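A, B, C, D, E, F, G, H, I and J are the chain letters, set down in written order, and residue numbers restart from 1 in every chain.
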Amino acid sequence: MLFHVRMDVNIPRDLPQAEAGEIIAREKAYSQELQRSGKWRHIWRIAGEYANYSIFDVKDNEELHAILTGLPLFKFMTIKVTPLLRHPSSIRDDDT
Amino acid sequence: MLFHVRMDVNIPRDLPQAEAGEIIAREKAYSQELQRSGKWRHIWRIAGEYANYSIFDVKDNEELHAILTGLPLFKFMTIKVTPLLRHPSSIRDDDT
Amino acid sequence: MLFHVRMDVNIPRDLPQAEAGEIIAREKAYSQELQRSGKWRHIWRIAGEYANYSIFDVKDNEELHAILTGLPLFKFMTIKVTPLLRHPSSIRDDDT
Amino acid sequence: MLFHVRMDVNIPRDLPQAEAGEIIAREKAYSQELQRSGKWRHIWRIAGEYANYSIFDVKDNEELHAILTGLPLFKFMTIKVTPLLRHPSSIRDDDT
Amino acid sequence: MLFHVRMDVNIPRDLPQAEAGEIIAREKAYSQELQRSGKWRHIWRIAGEYANYSIFDVKDNEELHAILTGLPLFKFMTIKVTPLLRHPSSIRDDDT
Amino acid sequence: MLFHVRMDVNIPRDLPQAEAGEIIAREKAYSQELQRSGKWRHIWRIAGEYANYSIFDVKDNEELHAILTGLPLFKFMTIKVTPLLRHPSSIRDDDT
Amino acid sequence: MLFHVRMDVNIPRDLPQAEAGEIIAREKAYSQELQRSGKWRHIWRIAGEYANYSIFDVKDNEELHAILTGLPLFKFMTIKVTPLLRHPSSIRDDDT
Amino acid sequence: MLFHVRMDVNIPRDLPQAEAGEIIAREKAYSQELQRSGKWRHIWRIAGEYANYSIFDVKDNEELHAILTGLPLFKFMTIKVTPLLRHPSSIRDDDT
Amino acid sequence: MLFHVRMDVNIPRDLPQAEAGEIIAREKAYSQELQRSGKWRHIWRIAGEYANYSIFDVKDNEELHAILTGLPLFKFMTIKVTPLLRHPSSIRDDDT
Amino acid sequence: MLFHVRMDVNIPRDLPQAEAGEIIAREKAYSQELQRSGKWRHIWRIAGEYANYSIFDVKDNEELHAILTGLPLFKFMTIKVTPLLRHPSSIRDDDT
């Protein structure tokens, strides 16, 4: 089941740089593991912003929520979820 | 080059049904031809709305604009474009 | 899987009254059949507005979309969907 | 009498973790006691957000306000109340 | 139980003047009857706008909704309801 | 002359509790004195929020501003003023 | 007593041109008479828009409302009123 | 050339009171000097808010910007500029 | 003097196509004449929208307003003006 | 390829003045180098605000993002990107 997610990241200025770096590294590893598993289907950077649009393919809302709240950067993010489905005009097998 | 596009469709109630049907059919053919060419990379329906999120992969802003204004439903749409780029955490070859 | 849906209804003034009445009657029957099936779990009127908050319990986003776009009043509605899940503090068996 | 409530939680980063944990534990106990009493009829997590939609069934506005301002997390919440009533299409006895 | 209500009126330009006048007259009678009964506690015009702020004192949400949807001008109004309660600093007996 | 005022209170978390308590006590005394004088005609708590709707009856804008900026909590408030007048449908002597 | 008023004008396209012209002429005469009387203290056009910012100096809210609702263009306007008062830094006698 | 400016002031709570007082005094002197020169044509307090509406009469955008960024309170203000011009209905010589 | 202008065009669906075409042709000629005169310094299409961002270089607000309200499409446009000035970092002679 | 960018700058009050000054100096040098290269085509100050509208001419979204996130002030900016293209009415060679 597909979901469109926008994530805006806002790391507080007083977070020690080492701590920020460590969180960002964990975030990347976490994201890539989920991409490899097929659950995090797409991730794109939004030009000029510290933000991304992502597409998730998960079993249900519970799994999506567990993934999002498990993000190392979760507490510094504003997240907006939109449920998607196959478009009747789509010709791609993997747009489902 | 990738763009995120949201399209909201609002067909006026007084458009003759035959005309509406013909436009929608042309829209579908137009979209599928662009999907086959690789320029319209993804299209997803937004649950509960007559709207879609799409990803376009085009040469430049000009080509994107030509495609969008060429949509048979263009005059009944509200369109919002966001430029995207490869996310540093992405592992997919085709997220570029 | 649970979804929170807000529906705002706006029936055009020039819709013949008989037609409006017939659509509203079909809407009610459609809603009650889905309530009996358990898919439309709750529906509440919002005080002072021609609008409702509803909770749907469906298999997936596709089913939700099919139900919502099948509403006889769909073309006169503005719809906003929010995916829900069991809250960790919930004690009700049927809040899942 | 029914009310729809949206609660968004925003715990300040500089709140000591032990204090935050203690408040969250009290919040859960408080919520569950009110659920058991029947006054907090439903609570659902919003996917991807530290927020919930809840339905309260209380005697009047005063009781609702007392419950909400008594929430251990109240001072870290943004709360929005909407009064509800039975929908004419509802078939559930407990949607009143 | 007290409610704060904002009503914005927008009478369509093509409504025959006689019909509009008749609806407005019924609206006034309806409002005054409810004021006499004590249920419509206050009504004030907002300067420069075809709108009012009103305070209702009703048994419950159901009664409020019945009153508001019974307004002769209801279909030409945008209505926003906010539940109120006695303020701890109030000294007036009738602010309850 | 009547004014509708919405006040939202937001006391900073780092204000010493004793200082906050003292300000709130002064706020209450200040409000009640103005209520007794007839200038602060009504005050209602908004359910679920640290906010109120109030009605002031003052000589002019200057007096209203002096009262509002004199509020002990003024610097922690967001205030929105709307000028009111007698509604043509009002039957209450004191809605003027 | 001073008020800041923004007026946005939107004349419907299907209003016969002669009728529109006649209303606009009456509007101008009405405005100039009020300017001569000193009640409509200032009127400025907003660059690029069919809108104005005006300053009124009236006895009270009632008089302001009577003036605004008496505007020949009132039914085609969106109006927003803000109460003003003398600024403590003002040195002009007529900014009161 | 005329400009409409809204200024909202928000002095941070941790600014030492003496420093705040000194800035406010300089602000007043600065404003009055510009009023005397005729460049700051009007300034009015907005009732209930720490904000003002002002009218500036300057040579060009550059001069306006220099004046506004020179405000002692500039770094604590949110400023919104709207270009104005003489209204065709105006009868005042100095509304130009 | 420079101004940033956003124009959104919305041609009503019931405008006869010949009339629309004639207006659009006049709009183009009008724009190009102003571009040649140097007053309309830049015009860019916004990708995916029937809208443009433009830069005007005019003597004053009056001239800008005369140009904008003289646009053949003016009555079908929403226009938003922002006054600009030379940026202290600019190195271009013609960014003034 | 052209992009319209709005940048709003908000330097935190507790940033040491020397550090702020050094960042602003680097920002200026960075901007001027990009202007000289032709990639940062225009930059204008918005009157009354610490903000600018800029036009970039870059190879693609990637290059734009690299430039914007490389801004010394990036972490203190809110940035909004809009893709542009040649307007059909433009007569300037360099509006492409």
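Everything below uses one rule, namely that a residue touches a chain if its C-beta (ideal position, glycine included) is under 8 Å from a C-beta of that chain, and two chains touch if they have at least 3 such contacts.
Note that this is a predicted model, so its numbers are computed, not measured.
Engineer: When A-D is set beside I-J, which has more C-beta pairs in contact?
Structural biologist: Of the two interfaces, A-D and I-J, more C-beta pairs touch across I-J.
Engineer: Taking each chain's centre as its mean C-alpha position, how far apart are chain D and chain F in Å?
Structural biologist: About 28 Å separates the centre of chain D from that of chain F.
Engineer: For chain B and chain E, what's the span in angstrom between their mean Cα positions?
Structural biologist: Here the centre of chain E sits 45 Å away from the centre of chain B.
Engineer: Two or more other chains touching the same residue: where does that happen in chain G?
Structural biologist: Within chain G, the residues that touch at least two other chains are 2-3, 45, 47-48, 61, 64-65, 81-86.
Engineer: Any two chains that touch count here, so list every such pair.
Structural biologist: A-B, A-C, A-D, A-J, B-C, B-I, B-J, C-D, C-E, D-E, D-F, E-F, E-G, F-G, F-H, G-H, G-I, H-I, H-J, I-J
Engineer: Of all residues in chain G, which touch chain F in the complex?
Structural biologist: Residues of chain G touching chain F: 1-3, 60-62, 64-65, 81-86.
Engineer: What residues on chain B touch chain I, complex-wise?
Structural biologist: Chain B residues touching chain I: 3, 5, 12, 61, 64-65, 68-69, 75, 79-81.
Engineer: Mind pulling up the chain E residues that touch chain F in the complex?
Structural biologist: Listed in rising order, the residues of chain E that touch chain F are 2, 4, 27-28, 31-32, 35-36, 42-48, 52-53, 55, 82-92, 95.
Engineer: Hey, which residues of chain E end up touching chain G in the complex?
Structural biologist: So the residues of chain E touching chain G come out as 13, 45, 47-50.
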